[in-house]
């Protein structure tokens, strides 16, 4: 029994309105900006649907959407069926309090725990990561929600209806379909819509258990977010929000006891929003179509280049992205990743070779090998290049805004200058961060001397108050947006940033820096071996290598490609530093057991105040 | 009795699915946590609890502590914000509007957490909407992103509906005649609140707190996106063990510890949670 | 044999509670049998056992001569009218009535015809296309009836179907159902806790208490000659006295209560001198006016006006036993509390009851 309260309605109402605003403001802003013609969130430059168009025709987005829908569909059927059965059983007195509690427990457990344990499960039974693992994982965490929803709604279910049906001659099965199911239909549908929405939206669990070519929409959005703040993401996000919002509104209406027809309106609208681009998406590889699975760094190859390869060989290239060697290593070490070509950096190549995870290359298939500058061949991490071919090389240096940073930038020490408190960005990479500290004090970046490392750690801890963020994905955006003035950075993306803003400069400090060489390699369990070789060889063709360098701005190890590059690119010191600078550079080597020490110290740095 | 046994069979697929996908992996998690990492990051099984000692080591214990604090801060903030809203919804708004307004609160919660965190980035960046507004008003820009405060905002944003609902349920069920009786005995508004409303809504408060606290312990996306890589919480720590450091045994130990804390909390507060289970 | 129900030694327990204890009952074909008793006496359980929703722990059940003990509900020729009607909410009236026929896979034309007949039978013709949620209680009850009868069952069981109707409607429907049953000739097993309802409708009544049948008899026999104290009490005998017979004389027995009240009863051979026994005395057989048979002095203790009759509470005997005396108000005379009166009843009005009628041992 509720009565109207005599408490002051205005104060409470005011707070309530503020909370509602709080809840909806970010969403509203996001949606509004998705229609903004300007790339920057600051200024409004007119209403446009261009970003939506871009998002809807982005092949990666479409593929991810397709995957999300397929997964969600399968998961919905399974989880709803199982959850409904359990709710019915429980409502009829089956099981007990313990059974019910254990079914409901997963709804409260932190997602990270569920995600990690599922990854371990799949890794330990050798199940290849892919669609199946996502479906299983999603069923695992959604079935509890289906149970809760159905159970709540059928609480008052009248058993005498089922008895009446049996009394009139219907056996148990016919009773279920003719009487029980229609009676609980709204509950079941509400549960189905909820499961669907949860599956479509999930990021954490999916990120742990997704495999090749099974990128879902949230994973795609995440990688886009990490790559920069573009209105295209706003558009995709808004669509996702609107679609799932409509689905959930339908759930809500059904739970409230409204008729199916009324609840169907928003639900169908939501589904339509998700399905529409689906019609435009390219189909999954048909039985005849061959697919090459490429696992590569973000910002490392342009879609146009890939398209050329696809056309030439009549195949499809499926691209999955990563932004750290560790992420790539983790995927491969878990086994059964399913990739045909990967792009490990120097030291991670060492690890992969030592663990026997790579396939030796067949020289005969790599005719364009001769184009590679011998400077980048036969390096310690892969003597004789038995397993890899250089793809890109680059440097880690300091990028900065010339207008803001008026002192000369020559040493790593500038990143410790208290004048730039809160305006510094460091790469979110333990080896790179340590490199800056180690090099500054004249040590090798591959040292394993515990005292030296400890001192470097202390330096990095002391640096923390100056650091605005640790970021390895879109550091150039953070610099461009003015959030930071100095950034430890990799040269390729900075070269692109320098095109956008002439105030951005890049320098390799005098103490030296990292030279990284990223190489193409073929995992031992790759399926398309011949095609993989063809792809590697393809990237070493002069025109192709030139195109790759031109579009991505990282440095090409391909001698034959250099003459084909535009003049300004060839002379750009950020992309092709002079010889004497190159001599100051060191490549990263794996430090074996000391990795644990590194990780521990990195954690200490991250948690320091 | 046979009807009951038949009914129990209906629960089997669900229980099996959860056994295989949730509970068995936890056992596995425990087994892996007793092993150690090989030189190159593979799992070497063993029987040593050294990972647990490592987890209680001051460095990591500090991170666990921070996560507890974040969870606590989130819970308290949610409670403070949610109570007035739940009160307004449950006792002031006429009944016919309640369901719709309630749905409006719940709706964002079930949509993509990722997207909503991203929306906060857009708002809080140095040149984000908030700072643009401040600049337009002639005020200095604020550093709103890539710090603990931003993580708190994001986490509260994500968990708030989970606090509002249980509070709403218990406030709505509150018998108004109790308040009238209290007033009749001479209690003013403040007294009525502290002596009648607060105690009567205690189950809802407890349930809401537990439902917000537990997921916040394992917060991962908010720190990841809004913390700028500078903030370390258990969620990110676990994730990094599985991804970056490739030390799955240690990650498993941390994760198992977290699950343990969760289970203990749920057991300790099972009665208020069950009471709020009438949602 | 068709329509006969034979229950033999049936027991059904739920944990420690024995709902039905070693019950045996025969229902003749075409009979209207009512199971009567207070809530918890087991009548509904017995009904559900006959319908097939429960299986007995011990004993057998035969319907139309066939052993149906192990036969599930949907295969028995028994249909049920549920207490809360159990109409399928997603179907119309016609849809509900047609349900069983659809299960039997009858051709559509036949289904339509039978549904019409059934609806006419319960006087609901014309409401066929209504949604069941729009019907009144009485209408829903008729639909439930039609749905069950359209399948022409051997036996129809009805679980307190009139409990939710208001008293006036209830009386009308009671008579309708009775007439319906007589016309159809189907065996009806009807459950109620209302004594009047049972007396109006039933051919025979089985009175149940704590899982056992205490007496099965026709309405008059039950009314005139209740066998146990429980039955007497349940059927409204307001005077129940524990007495000890102490002399016998010329076909009469002199009975004496613990507090010294003495009166005579007809000796039916069942009284044992010196052995305590319970007797019942209907209040309407006691008169404040006549002077024949047992005449006792008494004092008016209380007056309860009940419309067409008055219940006088009169203190009689040396120990102050209170008798309930019913007097039709046609004869009424106003009396005052404390007024001395003479209470009179014939010896044959005293009904000897079989047992102490209290808690039964063994549950």
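Read from first to last, the chains carry the letters A, B and C; within each, the first residue is number 1.
Following the convention adopted for this analysis, a contact is a pair of C-beta atoms (placed from the backbone, for glycine too) under 8 Å apart; a residue touches a chain by one contact, two chains touch by 3 or more.
These numbers were taken from a predicted model, which means no experiment stands behind them.
Enquirer: Should the pattern of chain-chain touching be classed as line, ring, star, complete or other?
Expert: Topology of the interface graph: linear, an open chain of contacts.
Enquirer: Taking each chain's centre as the mean of its C-alpha atoms, give the chain farthest from subunit B.
Expert: Between subunit B and the rest, the longest centre separation is with C.
Enquirer: Taking the mean of all protein CA atoms as the centre, name the chain whose own CA mean is closest to it.
Expert: B
Enquirer: What's the distance between the Cα centroids of subunit A and subunit B, rounded to whole Å?
Expert: Between these chains, centre-to-centre, one finds 23 Å.
Enquirer: Calculate how many whole Å lie between the centre of subunit B and the centre of subunit C, each centre taken as the average of the chain's C-alpha atoms.
Expert: The separation of the two C-alpha centroids amounts to 60 Å.
Enquirer: Rounded to the nearest whole Å, what is the centre-to-centre distance of subunit A and subunit C, using the mean of the C-alpha atoms as each centre?
Expert: 75
Enquirer: Applying the document's contact rule, which stretches of subunit A touch subunit B when the two form their complex?
Expert: Contact set of subunit A toward subunit B: 1-7, 9, 11-13, 15-16, 19-20, 22-27, 29-30, 33, 40-42, 81-83, 85-86, 88-90, 92-95, 99, 101-103, 105-106, 108-114, 116-121, 123-124, 136-137, 139-141, 143-144, 147, 152, 194, 197-198, 201, 203-204, 208, 218, 221-222, 225, 229, 233-234, 237, 240-241, 244-245, 248-249, 252, 256, 324, 326-327, 329-330, 333, 351, 354-355, 422, 428, 430, 464, 467-471, 481-483, 592-593, 595-596, 599-600, 603-604, 606-607.
Enquirer: Considering the complex alone, what residue numbers of subunit A touch subunit C?
Expert: 158, 160-161, 163-171, 174-175, 178-179, 182-183
Enquirer: Which residues of subunit C touch subunit A once you look at their complex with the stated criterion?
Expert: The contact residues of subunit C facing subunit A are 51-53, 72-75, 78-80, 82-84, 86-90, 99-100, 103-104, 147-148, 151.
Enquirer: Contact residues on subunit B for subunit A in the complex?
Expert: Spelled out, the residues of subunit B in touch with subunit A are 3-11, 13-15, 17-18, 20-26, 28-29, 32, 37, 39-43, 59-60, 62-63, 66, 81-82, 84-85, 87-92, 94-95, 99, 103-108, 110-116, 118-123, 125-129, 132, 143, 145-146, 157, 160-161, 172-177, 179-180, 189, 193, 210-211, 214-215, 217-221, 225, 228-232, 234-235, 237-240, 242-248, 251-252, 255, 258-259, 262, 266, 270, 279.
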